[in-house]
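Two complexes, one shared chain (subunit A), two partners (subunit B, subunit C).
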Partner chain A sequence: MPRIMSVENLSVRFASRSGQIEVVKDLNFDLWTGQVLGLVGESGSGKTQAFLAIMGLLARNGRAEGRALLGDVDLLQLKPRALNRMRGREIAMVFQDTAAALNPTLRIGIQMAEVLALHHAVPLPQAELAAIDMLDMVGISDPERRARCYPHELSGGMRQRVLIGMALMCRPKVLIADEATASLDATVQAQILTLFKTVCDRLGTALVLITHDLSLAASIADRMMVMYAGQAVEIATTDALFHDPRHPYTRGLLASTPAATVTRGKLYTIPGPPPRLLEGERGCRFNPRCPHRAAHCVELAPILRPVALDHQVACHFDIGGASQ
Partner chain B sequence: MTQPPAADDLLNVVGVSKIYVTGQSVLRRGTMLRALHDVSFNVQTGETLGIVGESGCGKTTLGKIIVRLLRPNTGRVLWMGRDLTAMAGEELRLVRRDLQFIFQDPQTALNPRMTVGEIIAEPLRVLRPDLKPRDRMQRTLDMMAAVNLLPDHAGRFPHEFSGGQAQRIGIARALITGPQMIVCDEPVSALDLSVQAQILNLLQDVKDKLGLTLIVISHNLNVVRHIADRVLVLYLGQVMEIASVQALRSRPLHPYTSLLLSAAPVPDPRLSQLTEQDWFDTELPSPLDMPTGCPFHTRCAYATDRCRLERPQPEIVPGHGQVSCHNWRSIEMA
Partner chain C sequence: MIRFILRRLAIAIPTLLALIVVSFILMKVAPGNPFTGEKTLPKEVMANIMARYGLDKPEWQQLLDYISNIVLHFDFGPSFKYKDRSVTEIIAQGFPVTFTYGMWTFVVSTVLGVFVGVLAAVRQNSWVDYLSLGITIGAQVVPVYVVAPLLVLIFTLWLGWLPGGGWNGGHWSNVILPVVALSFSLVASVARIMRSSMLEVLGSNYIRTARAKGIPGYKIILRHALRPALLPVVTYLAPMLVYVITGSVIIDMYFSTGGIGSAFVNSALNRDYSTAMGITILYGTLTIAGNLLVDLIYAWIDPKIRL
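== the complex of A and B ==
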């Protein structure tokens, strides 16, 4: 399966009054054709900032370093004009707030058509027909009529479908969904996740599903990346991550998830507050909350290393393993 | 029919309906939005009742009616046998000590200009004017300790706290009057996963320690299944099913409950069946344009003509709870 994108040593820093804050640190991962990467982490883990950096959408006081290779183009080195040609065409992003992401004064058919008109100079009437086809593909019934609707006339779930459709108009190689189903109801969320899966299978799009909800990622992701305090702490196939987690943080997260199979009883909780992200701190960023902490965890930051086939962990220890 | 009230019921909700009028002005009559329709259920002392449903199904309206932050248009809410909807003045004030509420978004539920100590003590100031300031202070500190806040947090302001800590403040405020029942509206949905677990454990702890009765409203079935004894499923303002958590796990009777259950993502890729389901493309009907008959018939795979015309009445199923569906028996056979 071909590799579409590889991100190498991506770091994101923000200048703040209390010094440089390193919200993403040395991130390395690959995206593959038609695969879903589930990216989980709690708020402040850097999961959104990493992809805003890749999309060139960081706030003004933010700086990104490293490489984000889409084919042989490094997105981080592109000038704004060149980047604009890539965004929407090669790589697209879908956000949580569907109402804010659509222009309230334009009919959705036109909004979707604009993408094709801008990127591929398709005449508008023709682009609008393509928009109607796309609405049909993302599962909107009666697409001719819906294309003439304004965003406020659609429900949240339908608006999210429109946004996904819009993001797919140019058949991008990479689609980033940032908490795209977080504000939707359970049944609508299930529909959208199924839609994502279909899109990846049918168009070969590589999807990045950014979420704080492990269960959600479990349902469609092929591979998972867990982030903590700006760093990837574990990268594995979804099955391995849920059934053979090796990082103490991943294990803590899984144990603290209320599951259908066990009721009552105490949920495991990860002790302590999330870390501050000031630069120059030594050691593993998870060490203050880690049940396995040893002396060298405070001194030396662990690097991501393979522990099994297609399974990487950033921990000095190799805790767990399916045998234990 | 619904389960008749029993002696050890703390709360009986009897035929509650709530209608909001939207878009009303001098020139327009406005549209009726039926948020709740003929909702009845009982809550026993010491149990945890979960209320689940999708957005707009009336969960929050129901919660607010239970604690008398709202009044129903018709129906009654009986608190230990007395009609809460008709209470006023001193009588209502006494009940408010026993019946508290925890809000969804902890940050916006706290007054940004009051210190945490003032926020937690305020219900005492209003509901227990007989207490001396020193006692009030002592109780506040006790309560902060009970929810794992430090004493020196009392002088700080809400914005200095994280979401999880803010929710602890909200819980302390609800507990300080020594209530018998707390209604929690989406108590953890605004929180990070590891913090959710802390707050769920805390709720369970204080419930066990203080012998509380809890109503937990949530759209998250996993959360409700974890903490509740019984679950009430709301759809478009109507009760579809009430069932014990065990019964729900082994066999939900209402097709809507089954749909909700299969839509809830499970934290295990081997068990996930999400993408194998044939999801109904129809969306939730607007509560402004309520379907006739059974509200769920527009999305139900088993809908018959009767469902389109006649609203199903709740039917008691021994060992399970109750279900409002014309066809639950034949569906179960299938």
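== the complex of A and C ==
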């Protein structure tokens, strides 16, 4: 199966009053045609910023380093015009904070059609017909009428689906869905996930599903990436990650999800302080909270290394097998 | 929309009536009458004059006559000062002048102000931004009566390019200086309003969405950012109208353009009650119409506002 995108040594730094903070550090991963990568990690672990960096949408005080190869073009090196030819067409993103994500002064049909008209030189009226079809696909009833609505005339869930549809208008090769279904009710969520799956299967789109919902990730992802404090601590097939987690943080994360703890009756939380992201700190970023910490964990940062086929972990120990 | 306009008119009419009544009362309580001058007129002559202008009738009757003449005949009565001219004539003579340079002032200040504001926002923290910021902060506080003499000094006395006054039937060379003088601080205000609202819009989520779609920068400005960013400028149009009306008084005095502003001042100085009231009512009508227009533009820009 061909590789669509490969991200190499991606780092994201923000200039702040307390110095440079490195919210994403040396991220390496690949995306494959038609596959779903589930991305989990606690709040603030850099999931969103990593992909904003790839899209060239970091805040003004942010800088990205490394490479993000889509085919053989490095998105991080592109000039604005070349980047604009990729965004929306080859790679699209549904953002996490959807408040005011649609232009309040334009009808949604136009906003959706505009992408298609821009990238595929389709006349706008024709593109609007395609937008109506897309509204139907994301499960919005009476799409002809809704297409003529302004954003404030739709419900929050509908707006969310408009944004999803908008990202799919040009059939992108890579789709980043950042908590895209979090605000939707279960039936609609299932419908959107099915749509995602169909798009991936039919068009070979590689989907990145950023979520806090492990069971949702488990149900659709082919592979999983776990981030902690800006770093990938474990990358594995979904099966391996849920049944044979190797990193202490992954284990903590799995243990702290309600589904995994019902039998135990109480919610496991990972003890210890939240991570610090200041640049130049040594050691493993998880060490202050790690139950397996040893002296060299404080001194030396572990690198991501393969522990099995299609399974990489960033930990000095190999705590696989029975130690849970 | 039609209903909205009708509703606004229904509010406007009592407002105007109230304006008429209040200014009528103010005129009446002011000491003296238009014909008290240096030389005292013989009693019979005075009585004659009072009768000619209807000033001998009871006051409520005067008010009713006044209102009905305005409403039915668009007649504000005769001028108390210029015996051979009616107030309507005075207005008809001055208003086109004021309207011409007033309109141009609106066009110049909004177009130029919006342009400068957008440029400064797009090039935030560049020399363009700082330069325009510096100039606009300065320009904003310079009053018309300082700008006007300076302009005449430069463009009439030094360079000799433009006439320093007169109207000349609205020849462009006579229109330029009044418009520039009146627009000077307005351009600055609009530019500053536009800059900050544009910056806010550019930082909003839907602009990020547009960028993620690969829409090029200039299209984002024109198609996605300009319209929502214009809202505060539209709000500013109402105070702008007031500024133009009051500023026109100074313009007319300084450039001798013969607009409605000079007629207004003269009427006040001469106790020409009927003219002063006529112009006050005209200003009131303009303000109400201007506000209605602002609301219509507002609704056109922001679909959330239902009329």
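Methods note: the second predicted complex is superposed on the first by the 312 of 324 C-alpha atoms of A that agree within 3 Å, B and C clash if a C-alpha of one lies under 4 Å from a C-alpha of the other, contacts with A are read in each partner's own complex, and residues count from 1 in each chain.
The working rule: a residue touches a chain if its C-beta (ideal position, glycine included) is under 8 Å from a C-beta of that chain, and two chains touch if they have at least 3 such contacts.
Here the structure is a predicted model, which means the values were calculated and not measured.
S.K.: Does the superposition put A:S6 against subunit B (first), subunit C (second), both, or neither?
M.R.: A:S6 contacts neither subunit B nor subunit C.
S.K.: Of subunit B and subunit C, which one touches more of subunit A's residues?
M.R.: Counting residues of subunit A touched by each partner, the higher count goes to B.
S.K.: Is A:D185 contacted by the first partner subunit B, the second partner subunit C, both or neither?
M.R.: Only subunit B; A:D185 stays clear of subunit C.
S.K.: For A:L216 in the superposed arrangement: first (subunit B), second (subunit C), both or neither?
M.R.: Touch status of A:L216: first partner only.
S.K.: Quick check for you: in the superposed arrangement, does A:T33 touch first (subunit B), second (subunit C), both or neither?
M.R.: Neither: A:T33 stays clear of subunit B and subunit C.
S.K.: For A:I270 in the superposed arrangement: first (subunit B), second (subunit C), both or neither?
M.R.: First partner only, subunit B.
S.K.: Please write out, lowest number first, the residues of subunit A touched by both subunit B and subunit C across the two complexes.
M.R.: No residue sits in both footprints.
S.K.: In their shared complex, at which residues does subunit B touch subunit A?
M.R.: Per the stated touch rule, the residues are 54-55, 162, 192-198, 200-201, 204, 219, 221-223, 225-227, 245, 249, 259-260, 262-270, 272, 274-275, 277, 279-281, 283-284.
S.K.: Flag every residue of subunit A that touches subunit C in the complex, lowest number first.
M.R.: Going through subunit A, the ones touching subunit C are 55-57, 80-81, 83-89, 92-93, 95, 97-106, 114-115, 118-119, 150, 152, 163, 166.
S.K.: Sort out for me which residues of subunit A touch subunit B in the complex.
M.R.: On the subunit A side, the touching residues are 42-43, 139, 141, 155, 157-158, 185-191, 193-194, 197, 212-216, 218-221, 238-239, 242-243, 252-254, 256-260, 262-264, 266-270, 273-274.
S.K.: Would you pull the subunit C residues touching subunit A in the complex into a rising list?
M.R.: Going by the criterion above, the answer is residues 204-206, 208-217, 223-224, 227-228, 301-304.
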